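This is the structure, below, for whatever I ask next.
Letters A, B, C and D name the chains as they come in the text, with residue numbers starting at 1 for each one.
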Amino acid sequence: MPEQKAPQDLQLILDDIYRELTPRLGEGKVADYIPQLARVNPQHFGMAIVTTGGEVHRVGDAEVPFSIQSISKVFTLTLALGKHGENIWHRVGREPSGSAFNSIVQLEHEGGKPRNPFINAGAITISDLILAGHTPKELIGEIVRFVRYLADDENIVIDHEVARSETVTGFRNFALASFMRSFGRLDHPVEHVLGVYFHHCALAMTCSQLAKAGLFLAAGGTNPLTGHSVVSRQRARRINALMLTCGHYDGSGDFAYRVGLPGKSGVGGGIMAVAPGKASIAVWSPGLNENGNSLLGSLALEMLAARTGWSVFGP
Amino acid sequence: MPEQKAPQDLQLILDDIYRELTPRLGEGKVADYIPQLARVNPQHFGMAIVTTGGEVHRVGDAEVPFSIQSISKVFTLTLALGKHGENIWHRVGREPSGSAFNSIVQLEHEGGKPRNPFINAGAITISDLILAGHTPKELIGEIVRFVRYLADDENIVIDHEVARSETVTGFRNFALASFMRSFGRLDHPVEHVLGVYFHHCALAMTCSQLAKAGLFLAAGGTNPLTGHSVVSRQRARRINALMLTCGHYDGSGDFAYRVGLPGKSGVGGGIMAVAPGKASIAVWSPGLNENGNSLLGSLALEMLAARTGWSVFGP
Amino acid sequence: MPEQKAPQDLQLILDDIYRELTPRLGEGKVADYIPQLARVNPQHFGMAIVTTGGEVHRVGDAEVPFSIQSISKVFTLTLALGKHGENIWHRVGREPSGSAFNSIVQLEHEGGKPRNPFINAGAITISDLILAGHTPKELIGEIVRFVRYLADDENIVIDHEVARSETVTGFRNFALASFMRSFGRLDHPVEHVLGVYFHHCALAMTCSQLAKAGLFLAAGGTNPLTGHSVVSRQRARRINALMLTCGHYDGSGDFAYRVGLPGKSGVGGGIMAVAPGKASIAVWSPGLNENGNSLLGSLALEMLAARTGWSVFGP
Amino acid sequence: MPEQKAPQDLQLILDDIYRELTPRLGEGKVADYIPQLARVNPQHFGMAIVTTGGEVHRVGDAEVPFSIQSISKVFTLTLALGKHGENIWHRVGREPSGSAFNSIVQLEHEGGKPRNPFINAGAITISDLILAGHTPKELIGEIVRFVRYLADDENIVIDHEVARSETVTGFRNFALASFMRSFGRLDHPVEHVLGVYFHHCALAMTCSQLAKAGLFLAAGGTNPLTGHSVVSRQRARRINALMLTCGHYDGSGDFAYRVGLPGKSGVGGGIMAVAPGKASIAVWSPGLNENGNSLLGSLALEMLAARTGWSVFGP
């Protein structure tokens, strides 16, 4: 990678990206499968960068909280690796799924074992794994505390209306969980597991909070702002590898090709990305592309990567 | 990434890896779908590293030629990008396939458009693309000249017995090509396209030659040994991104997780890997794992990455 | 078809079949997905024939009640056709499924519309259809009354322990129903629909009762024993057509080939078959073949068809 | 079944059907995958009935030859059963396919064994089976002689232009055959097997010829016009069973439901149907429905079945 950008350059780059994308705000399709997401103003756009050196850069609605949805899967995966280590791979694979993010077909083909921890079935399995020895309520509390610890911010909360709404309308996830249960692949009742899953997906965070929460992944496992050692250097790399190959559903290859950085998207329109050794980045724009990833968020990251020279794939 | 290893360290690391793996030589299953591959001695093991600074390190059978098979797809992809640029993505996708490397199912589901240029169907499509304006014989000659140019080695040849054997027994590839033709997705006769495909897969190269041929990908598009500018900096990154997400069939996620470097494997037991900014690596061990990738070759690269600290995923 | 057999001949044929199969009693695999089915003695074998002329022939355990399971789908389909006529085909197809009886794959491929009313997803849809305007409890009562009316027997009851057991362990059916709900294809809550479904599958009937209940299908829609007109002549034919093409999961083609009569099987080991214009037949033997149909039951029907000359496929 | 219709009634019924359908001639979509089929006038409509008593009734273009295409699969299946008996079921299944008629997916899933002899892959397998001991040319000659013998008509020929055209454009069938070859499921070269297959599909016959050729299936295996004993009574029934469950691709269930008679369709717009014990029927109208079966041909048979009372499914 080229030299670290000076802080003022990064802010200029962010400002340029925001200005260039402003005419396109509102593009893409806002997720509408639950009313709380459908109501979000599609004109929102925020972006935050936190460098491993500690500088923070923001633009647009970087301080407006949004529903992080599947981005939370990175945090529960990290928790699961902490609790169970590499044993989790007996329960979930680590291969890209190669099909729509909620497809049940592949799950049947593979005997109820999800292909990776970032598709819904895989994240539900992770929720089941970390439920061991807890009530759902306790575990949800632990997840919230963990994310607050990562971001060093006690103001992060779950949007309970979103969680409730998913509980009422999340038939596809009930189908996935019941299906895995029918293969004997869940240890806890479907309702408990989905209770955890729906709540961690309902975490509301700002771009700034999210970029801080992901900083340990850019910095070899330790958050340089707080000094908290979260995971080992090797584990940070491995989580980044999973984000790169599986982080964007059936658009993961495209994101790797265009952006060249590990990242994880959510249907709320957020993306958390990692430039190893350089920075953690969060972007939010609610309109989604055909793969369910933020349309302008992906574009903003592509612009950022091109202008900073940040890429894991070459000098 | 950590500091560049001193040359003597790299050679020691290679020697250690070879010594540690020696008791396991012969593990895995040698590809047997054509007699020429089945006859290869499973005890072979070779490895070569060429750094961007020009040092070459070798161990074991690094100077014994083997059938590079699917590794050649990186070279034809590079040619296709040179001839047609980003237009090739109208004909082939760039998403991981998420299923066995020769699966025809996904192809039907997606109307005959292969998911990426590294599965067989995708590489056959690339052969069709670069056939425009050529006879198969001319194009095969061009491919050989291109690989010689990349490796700066005029001794690289096609093993015509292997090519002939694939022609006689490659029914699955005939099926794939006929199937794509039935969707109107090939411009040239099936026999011509497969003629090209079978011949480039039959290229015989040593680990040293292969590591040299891949060096441009580690060095921003230009081979530092020859000064040949092969592709732009951006294109080198993008080819690396494709190798990382799609280079090992349905074991791509596992390779990214364990090794953390872009790479491309072939059923002959070879793997070409890239440590961006650092080195190009080739390894050869004929025994394959359950995903069709070299068992000990993958392991050797995992050991190398761990000991050098080379990984695209973190400091 | 050849001439009607004289009553004494039919009894002799039944006796012969029973004697010849006695050494094989216990073959096949008893359904074990719920304990109540797994506990059934695999040595049971019963068979009953009721001719359109009113003669009844029995052999073995023809008066022992067993769980009719999927055979009940014929009765709920008949009810649904009575309530909604040919409109039901907007909600469910009428093509053979060509895959395992509980496959969720095809369901996804076809947007949540089940292929026919005899696979689980299709029968669940039928339960949803006939729930309109009822509570689950009312509808279950109506189904029981309908089956009693068909068989002219007030002693037919639901085995509530079986129904309860399915409710607790029927994750696959919860998955199917949730999945259809996620496509907007169910009008009622999943729990209500499955409550109906699990209860009608838990009907306990003897071979004699079952043969009587199916007699209307052999006799142009009217039960000749009671004079009850159940459906029109055309509808009786159509239900028979559905049983012939879809009545035995992925063994329907084999059953048509070997037996040549419309029939519907259940995982409890029962089969109800129809010789149009001649007789209704029920057989019960708990051991299942690889397609989930009664092994000896299918064989007994094949022997019966060969010896009586009954076949819909030719003189 | 009701009493046999008097001859004059049958002719009146045919005349009525023709008159009622005349305003709709041209509906449906003519097969266009080869030019020779695409050129056929969509206004054609012919129908012929040959009763087991020997009466022949015709209407419309019943004496105009058309390409029988897949209907020929009934004749090659009959030949294969004659040569190899029930052993053919080791090579091909007898279950409905449950998906598009040329789907390659199910074939992969089932290791290259086609589900039934009437889908393309299955009929190609049948061609391979009966090639044993023959050159393709000899076998094609034998098939033509067999069909002439069945229809008692020496004027039946193959349209060699159609056969040639399939050879040039039949990529999907080359894919299917190559795919089966890759599973080791064909004994002869792909070109030989497809040579046979394309030629028997290119048989040109009139409705009258076709109805006569199918008469043995309506009459217990013996053609009552010629006295030729073609197959046993049991085998005639079994072929009828296969036609009923698998004769109309993914519209087989619908045809059984609406028409209630065994039948086999071809993309040329022909259908051969059998009323066991009553008559053999052929209809031709080139426009196809969404399942690839003759739109008006199916409708004409539905009208005929309703007006004669012919149905295998009930009195």
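The criterion applied here is as follows: a contact is a pair of C-beta atoms (placed from the backbone, for glycine too) under 8 Å apart; a residue touches a chain by one contact, two chains touch by 3 or more.
The structure presented is a predicted model; accordingly, all values stated were derived computationally and were not measured.
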### Steps needed, at fewest, to go from subunit B to subunit C via touching chains
2
## Note on the structure
In terms of CA centroids, furthest away from subunit C sits chain B
### Summary
Separation of the C-alpha centres, subunit B versus subunit D, in whole Å, is 48
### Query
Hey, how far is the Cα centre of subunit A from the one of subunit B, in Å?
32
### Query
How many angstrom lie between the CA centroids of subunit A and subunit D, rounded to a whole number?
56
### Message
Can you list every residue of subunit D that touches 2 or more other chains, as numbers and ranges?
### Response
none
### Summary
Pairs of chains in contact here are A-B, A-C, B-D, C-D
### Query
Contact residues on subunit B for subunit D in the complex?
103-105, 108-109, 171-172, 174-179, 181-182, 190
### Message
Residue numbers of subunit A touching subunit B in their complex, please.
### Response
1, 93-99, 106, 115-116, 217-221, 233-234, 236-238, 240-242, 244-246, 250-254, 256-257, 260, 262, 276-277, 306, 311-315
